[in-house]
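You will see two complexes here that share chain A, one where it goes with chain B and one where it goes with chain C.
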Partner chain A sequence: MNRLFSNMGILEKALDAAWLRNEVIAHNIANADTPGYKKYKVVFEEELKSAIEASALKGKKTRPKHLDIGATSIDQVSPRIVRTGGTQMREDGNNVDMDEEMTNLAKNSIMYNALVQKIAGEFRKLKAVINEGRR
Partner chain B sequence: MQVGSITASKDIAGVASSLRKQERGISFGDMLKQAISDLQQLQKISTYDNYLLATGQAESLHKVMIDAEKAEIALQFTLQVRNKLLEAYQEIMRMQI
Partner chain C sequence: MFRSFDISASALTLNKLRMDVIAQNIANAQTTRTETGEPYRRKVVVVREEQNIKPFGQYLRESMGGFSGGGVKAVRIQGDPTPFKRVYDPGHPDADEDGYVLMPNVEILREMVDMISATRSYEANVTAFNASKNMAMKALEIGR
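Let's look at the complex of A and B:
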């Protein structure tokens, strides 16, 4: 049954990431005035890309205790939250750049909408194929 | 999408031979085959766009959306053609000779 939705796995992952990124950005904006706060970001796209590209190239495991070499499968890629230290915007050590956060928020919501439309389209196609087979 | 052989229905009651030769020399079967492989191509492009979109590599959003709509419309069209073909087949089956 899962093969039915194999096209959607990647979209689901991306939607998870976009949702999480929205929360992280909201968190950053809420803490824009907290002294010493360092902003967070979501790392996902690059990891997904490398996982897909390298899924053809995998280390062979001859013992069950061996670690995975190369990319893990796409299922195992999940969005991660990373704290960005180092930079500083103000005297109190806070590094939230409001302009940057707002830009990312807008970008992320466009991305989210696009992904939602795309996955809705996939579902529509599946339904059409199932329902139209009656005659 | 895997569509099983439709060619089996070509030989029903000699209808195939009259359909096979059309004015421009393209057989109906070939045309159908071409259309289905076009559909398959569009679906593949749409799936590849999913990958581009999810990994943030899509160069333009509108292209992704247009490709998705194209794939969906091609699919709907193919389904309707299939339904019509089946209807025609059933009509012939019901004919009293």
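Let's look at the complex of A and C:
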């Protein structure tokens, strides 16, 4: 990715993660009454945060066989899906909490909209820069 | 891209099916004679989680951090094995020599509760569907 779109990569990743989370939440809500169903969860923000925090400290590699010191770079962060056992509150083994899922649904779609706005804003900025030069 | 629509749709279909079965149970709450000769037996929908791919692929994909969920699926419609109610009603055409009639194992109260539950599930899935739709529509605004 070149300098022009340097911010875009991370936004794209977050957008993909939000869409994936939407799928997972829809799946959980669909299975709210399925006996024995265990809910899925998408872990992304935590990984992103640790990648950002760790990107300050990074081991220098002088040989190709050196191991990575410090966490992975931001480009390598990808959403992870975990299946939660436990936290079972019902007789039939299902652990979907409807209130939690609906809250996550609302949170996630607002997050998605915010990201879309941010990306659109980036493009608007570029456009402004290009158009200003023409005057 | 459109998988979350399909996931919500599968749950909507399932809850419609549930409503159909509940309606049939309520309609037959007094049916003492069916084709098999016994009273009407209450029906329940058996559901399971739907996976888009075969079990091995599913495990492989999940261990690699992918998502293979495909919503929910009705496996079969099964009879409820609880015993029939025995009611004393000598004037009934299906009464035995002691005057007892076997009535269906349908309890209206329970059916009503199940019905409300199915309605609420349906609504929740409609909400999820609308959320997906709004997100997809929002994504179209990026290039505008």
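The working rule: the second predicted complex is superposed on the first by the 127 of 135 C-alpha atoms of A that agree within 3 Å, B and C clash if a C-alpha of one lies under 4 Å from a C-alpha of the other, contacts with A are read in each partner's own complex, and residues count from 1 in each chain.
Going forward, a contact is a pair of C-beta atoms (placed from the backbone, for glycine too) under 8 Å apart; a residue touches a chain by one contact, two chains touch by 3 or more.
Keep in mind that what you see is a predicted model, and the values were worked out from it rather than measured.
**Student:** Record, for the superposition on chain A, whether partners chain B and chain C clash or fit.
**Tutor:** fit
**Student:** Which holds for A:Val96: it touches chain B only (first), chain C only (second), both, or neither?
**Tutor:** Neither partner.
**Student:** Would you check which partner chain A:Val116 touches, where first means chain B only, second means chain C only, and both and neither mean what they say?
**Tutor:** Only chain C; A:Val116 stays clear of chain B.
**Student:** Classify the contacts of A:Ile10 with the two partner chains as first (chain B alone), second (chain C alone), both, or neither.
**Tutor:** First partner only, chain B.
**Student:** Which one hits more chain A residues, chain B or chain C?
**Tutor:** The partner that reaches more residues of chain A in the superposed model: C.
**Student:** For A:Glu45, is the partner it touches chain B (first), chain C (second), both, or none of the two (neither)?
**Tutor:** first
**Student:** If we overlay the two complexes on their shared chain A, which of chain B and chain C does A:Asp33 touch? Say first, second, both or neither.
**Tutor:** second
**Student:** When the shared chain A is used to line up the two structures, what angle, as a multiple of 10 degrees, is there at the CA centre of chain A toward chain B and chain C?
**Tutor:** 140
**Student:** Which partner chains sit in contact with A:Val129 here, chain B, chain C, both or neither? Use first/second/both/neither.
**Tutor:** The first partner, chain B, only.
**Student:** Between chain B and chain C, report the minimum C-alpha distance in the superposition, expressed in whole angstrom.
**Tutor:** 15
**Student:** Touching residues of chain A toward chain B in the complex: what are they?
**Tutor:** Touching chain B: residues 7, 10-11, 13-14, 45-46, 48-49, 52, 110-111, 114-115, 117-118, 121-122, 124-125, 128-129, 132, 135 of chain A.
**Student:** Name, in rising order, each residue of chain C that touches chain A in their complex.
**Tutor:** It is residues 1, 3-4, 7-8, 10-11, 14, 47-49, 62, 65-67, 69-72, 117, 121, 124-125, 127-129, 131-132, 134-135, 138-139, 141-144 of chain C that touch chain A.
**Student:** Okay, in this complex, where on chain A does chain C touch?
**Tutor:** 15, 18-20, 22-27, 29-35, 37, 40, 78-81, 83, 98, 102, 105-106, 108-109, 112-113, 116, 119-120, 123
**Student:** Tell me, which parts of chain B touch chain A in their complex?
**Tutor:** Within the complex, chain B contacts chain A at residues 1, 47, 49-51, 53-57, 61, 64-65, 68-69, 71-72, 75-76, 79-80, 82-83, 86-87.
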